[in-house]
Structure formats: structure tokens, C-alpha cells
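The two complexes that follow have chain A in common; it is paired with chain B in the first and with chain C in the second.
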Partner chain A sequence: MTPDPVLLIVIPLLAAFLTPLVALGSKKFARYVPLIGVLAMGVVSLLLLKDLIEVQPRTYGAYNTIESTTGGFQPPFGISLIVTPLGGLITFGMIMVALYVLVTSIQKKEDDKGPWFEMMAMMATAGAVGMVITGDLFNMFVFLEITSISGTILAALPRGNGEKGLNWKGAAGYAVISALASFLILAAIALLYGATSTLNIAQMAERVGSIDTFVAGTALLLMIIGFGIEAEIFPLNGWAPEVYRGSRWGTSTIFSGIIGKAGLIAMLKVVTVILAPALEGNIAMDILLWGGVITFIVGEAAAFTSKDLYRLWGFSSIGMFGLILAAFSLGGENGIYAAVLIMIGHLISKPVLFSLTGAMRHKDRDLPLSVLDGLMGKSRVTAFLFIGAALMLLGMPPSPIFWGKYFLFSGAGGESNWLLVGLLIVGTLLEAGYIGKLLWRVLPKKEEAKAFKLPITTTVMALIAVALGVLLGAVPGLLQDIIDLVVLEFGGAIIILAGVI
Partner chain B sequence: MSDLFSVEILLGILVIGTGLSFLTYRMKWISGIVAFLSGLLGAIVVIAMGVMDKLPEEFMEIEFFDGLQISLGITWFSYLFMACLVVLAPLVLLYSLEPMREKATKTPFYGLFMLSLLGGAGVTMARDLLSMFIFWELMTWSALLLIGNDRRPAGRAFKIYLGFGMLSAGGILTLIALVSSSGYGMDFAGVTASVLDGSDGYRIAFLVIGLIAFGTKAAIIPFHIWAPEAYTYTPDSFTAFFSGGLSKTGIYGVFLVVDVFIGMGILATYGSWNDLTGIGMIIAIFGALTALIGGMLAMFQDDAKKLLAYSSVSQIGYIFVGIGIGGSVGTAGALYHVLNHTMFKAVLFMGIGAVIYRTGEHKLSRMGGMIHVMPATFWMFLVGIFAAAAIPITSGLASKWLIYEGALEKGVGMIVPILFLASVSAFLYSFRILQGGFMGQLRDEFKDVKEAPLTMMIPMAIIMIALIVFAFIPGAPMELISRAMGDIGMEAPKYSVIELGSGVGTYSGLVVMIATGIGFVIACIMFFAGPRGRHISLRDTFTAGEEPMDKMDRKFHYAFHFYAPYERVLKPYFGNYIKKGWGKVYRGAAQVARLTRTIFNGDVTGYLWLIFVSMIIVGVILWQYGGWF
Partner chain C sequence: MMERTTFHRSLPAIALALLFAATLFVAFVEVDFGEPRIEEELPVNYQPGEEIDTENITTPGLRYLANSSEETGSANLVTAVVVNYRGFDTLGEVTILFLAATGVGALLSFIKDDDEKKKKKILPPSLILNKGARLVLPLIILFGVYVFLHGHLSPGGGFQGGVIIASGMLLFYIAEPTKGASHKVISIIESTAGLAFIGLGIVGLMTASKIFLANDFAGDWGEVGMLVSAGLLPLIYIAIGFKVGSEMTGLVEKMRGDGS
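So, the complex of A and B:
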């Protein structure tokens, strides 16, 4: 049975709506409403993913999608949702990140001002999932707005529920800059709509070949900048470190695992499907490739010199966004394999690192790296999970990122792109540098430190995540089917939507 | 029955041993026993495999994705290196049982030890670049996590080893990218074919990157600076394996690059120097300089382990000379020295480790007189020193002799003086560690120090016996070496059980034995026939028999700043310039990385400007290259 993809939008919105209502009755119970919602979403997206993989045939350019229409309108009218292989995979990943965040933050003891965080996390997930699976450009804008507004609120929430004052700096910066992003994207949509008279992505992709290069180029410029802001691409990502620095770990996880990823996928979708074919040569992909590489280097360099643990992971997320973007834009089978594997590895390891960092909460606003000193002596479990996740992020085998990097280097070498190989080596060295520095701090020190206990939910969830990462790293063949489908999706360059048009 | 001694079993033993010692790491004693037993079983399997001549060229293929698989296999060539690691490991593990028992370290020592063994053995089993890289990473990181386990402050050592470990890993990744640009597979046959078909640029790039990637692990200049730091700050029990065993994987990689992937045939097309290829000459010169600089720096170390670590760098230089000279004699010499270095470096680190375990002192100037309280350790250490300095009655002579012969045979005599100079420094640093550590006056606080425990002495004794026995029957190791050389398409020099031949001369174990025997007899006659000596304590010598006013524990023998005069003369030429240079590189890179902080300064207006500027840049790119207008 194939569930309707629209459930992925309806469930979180419903859960987010119900949460404050239930909170009127019981604040404690209201926490569980989003959790139930996200579990239901997980089931739906898993079923969708299973369907995508199992349905034959798989030929070049004709891969499987699952569509859904609203209000009885057939496309190109009305709003259609379309779950492509990449979309399905990322949706599932994002939902799992949301599940991780919600389960891990369920066990909170501080005085409670209501389930704002859970509600906004639900909203952000709904918007992000919508951005990934929508088949309609204006609809994508709507979801982007939902995502960025809930993201602003998430960023504004103080680090602990008990803490006074909001994280104004990060939230305000994000509000201003993401408003700019929305404006740019809206302008690009208006341009494209004017030129093609349609908002359906598939139909637009068909018609875009005949439009003026100037319009296409302008739209590309606006889209790259607009979505680049959401996807934390350098130099558009100035807001990101502030958000990571000041907000709670859940927010950071959502930005790195859900909002940013959605922006990245939306950008790839818009650029590869609609705009790249309308421009000369491979210029659009080249811009994305080098933008991604620069982001990777800058992100890892900033993480290398960072003195605040939250910011460090934030910069590292930025670097990973750049790496994923570069891998996708490199294209070819190797590039797509690399991108998907790195993305999966990042989705698994980053929530663990953020949640462990969050568990080591400090009185000050910043979290100096010295909180890690002698962690092995304070709590073996935490140290073990921390080392595991950090090495997984770096790409120590067995880790999906190891395979991703292997494919990336093969791909870059296969294209004889030696500048790319060199820059990737530099970035990887920087990454190894800061991860090694953190591990050094984690190793036991002579002086015994006060024991530190990890909350049980964090322990369980982090253990599951690390085990999953190790499993996928040891037997990466499990992911082969879905990645092959993604390769087909990008191999066709233009989505052919049989049955939709 | 013979199925019991297969590589699958070996891998199984190592994997299970690693897992169990990680699981039991809180019960240190059990963990150690588990690690030792699995190491012992592994060594038995490896020896049996060699004796029964059952080496599977390909024994395991693991497919990760369709069309992406790794394959493992063993040739005699990789067997030689694997045997170094796997046979040495149980000895070191047995040695480590006693000292590690009392250490209050919270890191899983034995688990990481076994993991590094697994990684090292895996590197030699790999038959393609990908699996080699996987095992390489395992080995590097497990050794990394052992740094600073029981000795602080080791932060710098950790960072330096991390940096160079990553440099070599990055080098292998670049090799992978290089090979994939050629369109061939990652298996060794594909790599060889890619070099054969490749352009000149491809070959040179492959050679240079390969040498950097693997040479870094082997600690060749200018990539050697990690070795003294890492060897000094790993637990004493691990260092013997680290330096004696794991560094051989780097040598193995260099051998692969030079003799297997590229091959002397191709190297010969790029110029020559007398009978030697130009590139071989460069490698040999680098090796000779490594031997010299390592030896000179070893002379000036007061830290016993650091001295041995620099000596290790120096000895690896000799191996490089052998690789560079190549040909029958040079390669045989290099491989022989690999075996020798494994043995004597292990015994040296074990010996000094025993002293450190009993006294808790690392500095030579604070030891002294250990011969009085740890005589057995002293004798075993002495044999190690003899081997390192290539003194007869130890196997160390044969390998260095082959390397010298190789250099002379190829008509590159200019290498030999550098090596001789390096040998002088080897003599000097060997003397320093003997004099500082074992000779001289025993300090009062060490009067009650006991001889090293039996579990620490047995492994040292085994290696010592091997070193002496192989000196008289060089044919035994040569049998293994000739098979290994056969695998990489070379012919070993002539040898019999007791004789080694080269184009220039012959090394005879028998002659060495007889000569040594005669010398020994003469010494005995002189000792017993001459007048009896009387034991006078150093204090009496120093104070001319008077009692000093205070009865303080004074040290009268010369150990502090031992080579001060040499240091004054030589330091300007052999200072830590390379280390300082790398420091500058690191600081420069960090400075550049810190520039990012000026970008992410929290100023939203600035961020908006950045967005504006990047819009203009993307616009210009579109305009110029995308046909925007």
C-alpha cells in the first residue's frame, strides 16, 4: 500500500496545531503530540521509500516517483507533490533527525514554559519536507516561508527552558537574511512564471528551453543566492554561526539536519531541473561546484580555529553542506554516490554530536572546548559516543562518509580535476585537525574530574545512531538500491514526469 | 589440519582478539591475556603458513557496492612485512602485561594495540589501494589514541602525529584519485597497468605522491618529525611495536611504489647515475641524509626514548638507501635491514622501557649504573645496540654490509661516506645511551631497583637470541628475502646457510663466528691471566678516597649534556630546522584559517554586504561564461 505523500505535510501541521491545544490541558502530555506526529511521518516516509525502491522498472531517465494531487485538480493545475528517490531519501532522513531531536529532548526537568520548541520543530519539519517533495514552485516558496519563520522562532528560543531572555542576535540576523532570501526567491519565481506561464516544476522544465537566456540567467542568480542563504553556502551563511552559537542543541540540529538540507535540495532541484538546461554549457553546475568547495574549505577552516563547541559544530555543518553541494554538482555516478553517502553520514553523526554537546551544558553562553577535557574520565559512554560520532563525521571507516569521500576522490580524479582534489585534501586535513584536537581533549587526563551522567534518552538515541552509522559504513551495499535511483534521477537531468503532465 | 593455518583464520583471530580486548578493557589483566593469546595464535598461524608454503595470492573479496570490492591476499613479499608485525606483536604484548597492569590509564590500551596490529597486518594483506587505505586509517588512528596515555604533556606529539598521519592518508587518497583518472581499477594489477600506460607527468606525480604518502609513515626526511614525538609519548610497551613493527608498513608502501607499481624498468628511463637510475639516486640520497640527520639528532637527546626514536629514523634511512640503490644486492640489503630493524629496535625500546618501568625516569642524565641492578636487561640491551651499530656477532652487520656492497657495486661510492658518517653518529648515540643509562654510578635512590620481571625479559631474550643466531646463519632470513624478491620479479644475491655473496665480496657467518670466538678467547685470557681488579666506587674515584663533607646522593659520572662539545660544533648544521620549518608551515596555515574569524564576526550588515558582493560575483560569472546578456 502506498500512502499519500500529502500525509507528510498534513501530519506535522496537525500535530503542531494540536500541541498548544493539548498544552492547555496538560503541558506534560503536549510534549508527546509532536512525537507521535513525527513517528507517524516516519512510518509514512518509510513506506514511500520502500515503494520507490521496489517498483520496477528502472531505466535511464525513467525512475519511479510517487505523486499526489490536491483538490481533484490534475497537474499542471493545483498543487502536486512528487516524491523522487532523492526526495524520499532526504525526507526520511530529515524525519529521523526530527525524531532524534524530539525523543532526546523529551526528558527535561527544568521549569517549563510550554512546548514551544516541539511545536516549532514540527513546523520546521513540515516546511522542510514540503520544500523537498513539492512539485510546484510557488508552493515551494510557501513551504520556505513556513520553514524560515519557524526557524527564526527556534533560533530565538533560549538555550535552556529556564533561561531568561531570547537569543536575539542569532534570531534577528536569521530573520533579516532569510527575509532577503525569500524576497530573492520570490522574485525569481515571478520572473519564471512570467516567462513560462506555469508554476508546475515539471511543466516549467519543459518550457524553459525556449525562454530568454537573460531571464533564465537572472532567475538562476536569484535562486542560487536565495537558496544558498538557506543552504548555508559561503559567503551567504554569515547568519549561521550566530544561530548555532546561541541556540539550544535541538535548534542547531534542526538547522543543520533539516532546514539547511531542505534549502540545499530545493536549490539543487530548481537549478538542475529548471535552470541549468536553459543556460550555456555547464555554468550553473560549475558555480555550484566551486561554491560548494569554497564553502567546504571555509567551513572547515573556521571550525579548525573555533573556540566554542557549538560554533565549531556549526562551522563543520557548513563545511559538510559545501561538500555535499560540491559532490552533487560534480555529477556523474561517483559524485552522486558521494553526495548521498556524505549526506547520510552527516544526518546520522551531527545530531549525536549536537546532543552530546547539549548535554554538556555550561553556565556561560559559550561552550569552550575545555568542557571536553578528560571526558573519558568523566563518563565513558559519552566519550565513546562522542569519539564514534566524530570519527564517523570525519570519514573513518566504517562510516558512510568514508565511502562518500572515496567516491568523491574517485570522481574528482576521474574528471582529472586536480584543483578540486587538492582543495578537498586541504579541507579534509583541516577537518582531521579539529576532530583530532577534540579527541585529544576527550582522552583521559591525569586529574580526575567530576563524574558526568548522560541522560538516558540521549544515551539510547545516540547509541542507535552510532550503531546505524557503523552498520551502514560496514555494509554500504544496503544503500545501493536507493542511490542507484538517485543516480538515475540526476542522470536524466530533466525530470520526466510520466503521468503528471 | 593444515586448514587451521590459513589467512582467514589469522584474520578471524585478530578481529576476535581485538573485539574481546576492547570488551574486557576494564579488567586490564584479562584484556592483556586475551590480547597476548590472540597475538600468539596469530603469530603461530603466520609462521606455520610460511613454513608450509601456503600463501594465497587472493583469499578474500568483499563487495561493498556493485563493482566496488576489496580483495585481500598474501604474496611472499607482503608476507615478509606481515611476519614482522604479527610475530613481533605477541612478544611486545607479553612484555606489556606487567607494566600496564599497574597503570591507571582509562583508555583501552590492549584494544587499541590489537586494532593497530589488525590495521598493520591488513595493510600488508591488501591487494588494492582501497582496502589498503581502510587498514591504513585503522592503524594510524589507533596508534594516535595511544599517544599521551601515560606520559604528559603529549599534546604536541599528538598534534604532530595527527598532522603527518593525515598527510599520509591524504597522499593515499590522492593516489586513489590519480589512479581513477587513468580509468584503471584500484587493484594492484590495475595500478601497475595505469603507471605503465601513464604519461610522464602521471608517473612522476604517482612516484612523488606515493613516496610522500608512504615515506611519511616510514619517517623519511623531511617528514620524519612525527616519529621522535610519537615514539616518545606512546606507552613504553607500545613503542616497541610502533617503531619496530608499524613503521614497516610505510617501508612496505615505498617498496610497492618503487619496485612494484612503477618498477626499476620505468625508473631507468628517467636518467641515470653510473649504474643507478636517477630517481633511485635521489631516493638513496634522501635515505642517506635521513640516516645522517637522524643519527646526529639522536646524539643530542637526553630523553632515552627520544634518542632511540631518532635512531629509528636514522636506521630507516639505511633501508631507503637500499631501496634507492635497488638491484639484487641493494634490495636484499633493504629487506634484510627491515627484519633486523624490527628485531633490534623492539629489543632496544623494550630494554629502556624496562628501566623506565623500574625507575620511572626518562632522562639519561638521571639514570646511570643500571648494570648493577638490572644486569640481564643490560646484556640484552647491549646486543640490541650491537645490532643497531652493525657490530659483528649480531645480525645487524649482514644487512648493513649488503647495503654498503650494493652502493659500491652500483658505483655510487659517494653515498658510502655519508653512511659512514651516519655510522659514527650511531656509535656515538649508542654509547651515550649505554653510558648514561647503564654504566656509571648507580644513584642511591635506585639501589633497591629490581631486575625486570620475567614476562618482560622473555620477549627480549627471544629477540636477542634471534639477533645472534641470524648473524651466524644469514641464510635463514635470506631464504625468506629471496622468496619475497622473487615475488616482485627480482633475483636475490647468492647465499648459502652461512654465507652471503654479492658482486663485491662475501659475508660469511662462519668467519664472523670464528673471528669473534678468537677475540673472545683473547679477551678471556687477558681477563683471567691479568691481575685481578679491585672494585672502587665512583665516589671514591671522584673524591680520591676521601669522605665528602655531605653525604648527599651526588652523581659523579658524566651524563648531563653528554656531547656538549660536539653539540656546540654540530648544532648549527644539524639543528631542528626541519621541525621549525614545519612549525612555520602549521602556524601560517592556522593564521590563514583564522582569517575566517574576521568574516564571521557577528555583524549582520557585513553579512548583507557579503551577500550583495557574491551576487555581483555570480552575476559577472554568468555574464562572462553563461551568456547571461
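So, the complex of A and C:
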């Protein structure tokens, strides 16, 4: 039975309205309400993903979607939700990241003020899911607002571990810049609605061909800047390092794994579905491609020079956003394969790295790289998980990112785009540089070091994530079905993953 | 001298902002707002208000204009769009307000500890304010209730009614600085109203159309223009009215600083 995709939104809203009620009775139990909500979302998205792959017939040139409408009117009159293969996959991935964060942080009594972190984490996820699956442009804006307000609260909450102060600097920066992003996107929506008299994305795509090129170009610019801010694309990401540095690890994970990804997918959806047909040539995709590559280089370079571990992971996330954007914009089956595989690898490895870093965090405001010194001697489990996730992020086989980079280089080389190949090599070398630097600190054993114990939930969740990453890296054929559907969604032909590998 | 340097430095930024504003201006002038592609789809000899065959219509606004009271039972076109055709957006907007209010409360709870030590001295209100507020408060609340109860009939609705009630509560707080509504009660009303909105949406998922937020009873109760009409729409607006009223009151209460 296919669940109604609207449940992905209804469930978290129900849980969010219930949480303060439950908190009046028991603050401790109220923390579990968002966890249960996210768990239920995970079940729904898994069923949807399963149906996308199995139940519906697959024909060449057409891809499967699961659609739903609201308000009792068929689209374009009512607001519709459309789960496409990419949307279904990303939705499932984002919900799993949220589940990782909530399960891992649920036992820590980081604040006794109430279940606000858990509730806002769930709502940021719900907003991100809504942005990905909605079929209506204004509805996408509403979900963007839900995400950015939850994100602001998440960024402001104290880090815990004895630190009580709010992260005003990071949160205020994000609040202002995300309000600007919302304004730009709303202005673009107003332009497109004025020109096409519709908000339904599919209908708008049909009508947008006949509108004025200047209007379409302005809307494109506004959309790229607006969603680029949320997706942390250079040079629109000045707010991000302060959020990563001053927030708790769960917030960083949600920004890197959920909010940024949703901004990226929303930007791709708007640019490829609506605006690319309205503009001559491939200007839009070229902007995104080179914007992505520059973001990759700048992010990795900043990570390379970073002296704070949290900022380092933040910059590395920014670099990954750039790489994923570049891969999608490169297009073709190689580009899509690369983008999906890199995204999966990043979704799996980053939460592990953030949670391990969070477990090591001490009371100082900053977390210098020296905190990793002799980790092997302090806690063998932590060190192994850390090394595994870091190498997975770098793309050391077996890792989905290894295959992603393989396809990316094939795609760039296949088009004889040697500048792109060169820049990708530079970025990857920078990445190898800082990950090598970190491992250099982790590996030496210093027996005198004080032993360090990783919380049991973190151990279990990180172990599951690393094992999953290794499995998908060793047998990438498991992902064949869903990636093929994504390739169809972007209008390419299928290549046989198992055959290449 | 100092000012001049700053001005020189910000020149590129000012130029960029002006260029951006000019681009936006030209783009917005280019679009004919309010002049949608209605002519192409309208039947010949169309009279305003006349119902149209929806099969031939693809522009949403056109269908809303022609068929809203028939399809939703609401005499107020804005309400028909806000609560029924685009009700999903409204649920999202209600959630945004809820998150903002809850978030402000959560963040304030972290910084309140320091403030509690220095108990502020509260000046008593003047006699006129105190007595006048008592006289006006019931009328303001009654007016708020009127606005959200008649949302499907006349301009206004849940959001407006809720804010009117909260403005009355703000007056009450100014007139009676030492008294306040219970934080617990506000929270219960807020959450229950939110759950009621979603519950009314789920009713649509259970009834004939199996669609979330569908108004399957649109024509069943009363006639267009009567208080009891428009199916579930007035109920949704009542929930929104309670929710927005309690939320904004709670926000004022939290900002005042001595809520629970």
C-alpha cells in the first residue's frame, strides 16, 4: 500500500503541536515525541521509496512519481506534492540524518529547559522534506520559512556540555541572511506568478517559455542567490562558519545534512524544471556548474587552513555542496550518478564526523585540532570510527564517494573539459591534505593520554552508519535501481553500474 | 575625514544595490500584474460572476473567481482561497507562527535566569487606563471573535481575529502589569487549536475525497452567506483564531518577562 506523501508533513506537524502539551506533563518524555515523529516519517518515506522502485511500472523515457493533492482540488487548483525518484531518495536520506541526530542526542541532558532542540530539529527536517517534495512554488516558500525559522532557533540554542550562553552571533547572522534569501525568493515567485498566472511548478514550466527573457533572467538570478544562501554556495555562505563553530553538533549536522541539501535540491528543481526552458542555451546550468566548482575549491581550501575542528567540518560541508551542485549541473548520466553517490556518501559520513567531534568537545569556545592528538590511545573505538568516516568522506574505497568521484572525472573527461578536471583534482588534493593532517594527529598512540569514553548511542549509530557506507561503497550495485530512476528524471540514459564496476 | 573614507569604501556596495534595485524595478514593470491570461480561456459573452465549466479552465485564479462560492460554500473569496484551495499553505503559515513563538519562548528561557535577580520596579498604571481597559477589553475580545467567526462571510478571518484578541490582551497587560494569563493555559489552547486544524484536515483524508484538508461538506450545511455554511471552513478559522490569539498573547507575555 502506498502511503499518502502528505503524511510526511502531517506527522511532524502533529508531533510538533503535541510536544508542548506533553512537555507540560513531563519534559523528559516530551523529548521522545519528536523522535517518534521522525521515526514515523522514516517509515513513510521508506515505503514511498520502495514503491518508487518496485511497484510502479518503469518505462523508458518516463520516470515514476507518487503524487498527492491537498484541499480537495486537483493541481493546478490545489497544492500538490510530487515525490520524484531524486526527491524520494533525498527525503529518506534527510530523515535518516535527523533520526541519527535525535537518537544520538536523546540521552544527553544538554539542557533541562524543554524539548526544544528535538522539536526544532524535527521541524527543520519537515520543512526541508516539504521543499523537496512540493509541486507548488509558493508552498516551497512556506516550507523554506519553516526550515529557516527552525534553523535560526537551532543555531541559537546553547551548545550544552556546561556551556549555557546562546550562540547569538551565528543565529543572528543566519536570521538576517535567511530573511534576505526568503525575500529574494518571494520576489522571484511574484515575478513568475505575475507572468504566468500560476504557482503550480509543472504548469509554470509549460507557460514559462513565452514570458519575457529579462523577467525570466531576473527570476533566475533571484532564485540562485536565494537558494544559494541556504545551500551555502560561495560567495553566499559567509554566515555558515559561525553557525558551525558556535552550535551544538546536532545543529551542525542538520545544517550540513538537511537544510543545505534542501536548498540545493530546491535550487536545482527551480532552475532545471522552470527556468532553464525559458532561457536560451545552457546559461543557467553553466552558472551552477562553475559556481559549484568554485564553492568546492574555496570550501576545501578554507577547511585546509581551518584551525577549529567544527569550522573545518563546516567548510568541508560547503565544499561538498559545491561538488554535488557541480556534478548535477554537469549533467549526463555520469554527472547524475556522481551527484547522487557523493550526496549519499556525504549524508552517511558527515553525521558520524560531527557526532564524534561533538562527543570530544570540551568547554572551550573553540575546538582546536589538537583535541584529536593521540585519539587512538584515548579511545580505540572513537579513533576507528573517526578514521573510517573521514576516509569515506575523502573517497577512499570502499566508499560511495569514491564511485561518485570516478563518475565525475569520467563525465568531465568525457566532455574534454580539462579545466574542470584540473580544478576537481586541486579540490580533491586539498581535501586529502586536511584529512591526512587530521589522521596524522589521530594515529600516534600516547598511552599517558586520559581515556575517553564514547557514549553508547553514538557508538552504535556511528557503527551502523560506517557499516552502511562501506556496504554501499563495496556493492554500489545496490543503489542501481534508484539512481537509474534519478537519471531518467533528469532526462538521461541509463548506464549499468554493476557493469562498470 | 573618517566619514569620507567610509563613504568611498561603500561606493561599490551602493552601486551594486542600485543596479540590483534597477533590475528588480525593470523586471516588475515588465510583468502585467493583475492582467493574467484570462481572455484566452474565458467563454465568449462571459458575464462576471457567471459560473464557468471548469474543464476548459487551466488558470487557477480564473476558476477561483468564477466558482469559489459554488465549490467551497464561502461567500468570501479570500477565505475560499486561503483556507480551502490553498489551505495547505495556511497550515504551513500557522506552523511558522507557532515555531517563531515557541522559539522565542525557548530562547528567552535560557537568558531569563540572569534577569530574575534584578526584579524590575513596575509603575502602577493611571486610573483612566486601568478603568478604561476594563471597559474596552470585553468589546475588543468580542470583536475579535466576531471577525474570526464571520471569516467565511466578510473580510477578516482567523488570523485577523486572533491578532485583535491579542491586542486586547496587550492592553490588559499594560493596564494590569501585575496580573497575567496562565502560561500553561495559553500553551494548552495553542497546542489544542493546532491539533484541531490538523484534525480537520485529516477529516478530509477520511471522508469521500480522501484528500488532506478537503472540504467535503461544502454544500451540506446551510446556504452560501449564512453563518452556518461553507462546511469545515468556519471550524478551521475558529481553530486559527484561537491559535493566533493565544500565540500572540503568549508572545506578549514572554516578552514582558515574568511569565512562568
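The working rule: the second predicted complex is superposed on the first by the 477 of 501 C-alpha atoms of A that agree within 3 Å, B and C clash if a C-alpha of one lies under 4 Å from a C-alpha of the other, contacts with A are read in each partner's own complex, and residues count from 1 in each chain.
One rule holds in what follows: a contact is a pair of C-beta atoms (placed from the backbone, for glycine too) under 8 Å apart; a residue touches a chain by one contact, two chains touch by 3 or more.
As the structure is a prediction and not an experimental result, all values here were calculated from the model.
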item	value
Touching partner for A:Y32 - first (chain B), second (chain C), both, neither	neither
First, second, both or neither for A:V421, with chain B first and chain C second	first
First, second, both or neither for A:A302, with chain B first and chain C second	first
Touched partner set for A:I229, first chain B, second chain C, both or neither	first
Partner chain(s) touched by A:F214 [first = chain B, second = chain C, both, neither]	both
Contacts of A:F452 with chain B and chain C, given as first, second, both or neither	neither
Which of chain B and chain C A:P476 touches, first, second, both or neither	first
Chain B versus chain C as contact partner of A:W239, first or second or both or neither	first
Shared chain A surface residues [contacts with chain B and with chain C]	214, 218, 221
In the complex, chain C residues that touch chain A	23-24, 26-28, 30-33, 36-38, 58-61, 63-64, 71, 84-89, 91-93, 95-96, 98-100, 102-103, 106-107, 109-111, 184, 187-188, 190-192, 194-195, 198, 201-202, 204-205, 209, 211-216
Residues on chain B engaged by chain A in the complex (per definition of touch)	63-66, 105-107, 130, 133-134, 137-138, 141, 144-145, 148-149, 152, 155, 158-159, 162-163, 166-167, 169-170, 173-174, 176-181, 183, 590, 592-597, 599-600, 602, 604, 606-608, 610-611, 613-615, 618-619, 621-623, 625-629
Touch list for chain A against partner chain C, complex	4, 6, 10, 13-14, 16-18, 20-21, 24, 68-73, 76-79, 111, 113-114, 116, 119-120, 123, 130, 136, 138-139, 142-143, 145-146, 149-150, 152-153, 156-158, 164, 166, 187, 190-191, 194-195, 197-200, 203, 212, 214-215, 218-219, 221
Chain B-facing residues of chain A, complex	169, 172-173, 176-177, 180, 213-214, 217-218, 220-221, 224-225, 229, 235-236, 238-239, 241-242, 279-281, 283-284, 286-287, 298, 301-302, 304-305, 315, 334, 337, 376-377, 380, 391, 396-397, 402-403, 405-406, 409-416, 421, 425, 428-430, 432-433, 436-437, 439-440, 443-446, 475-477, 480
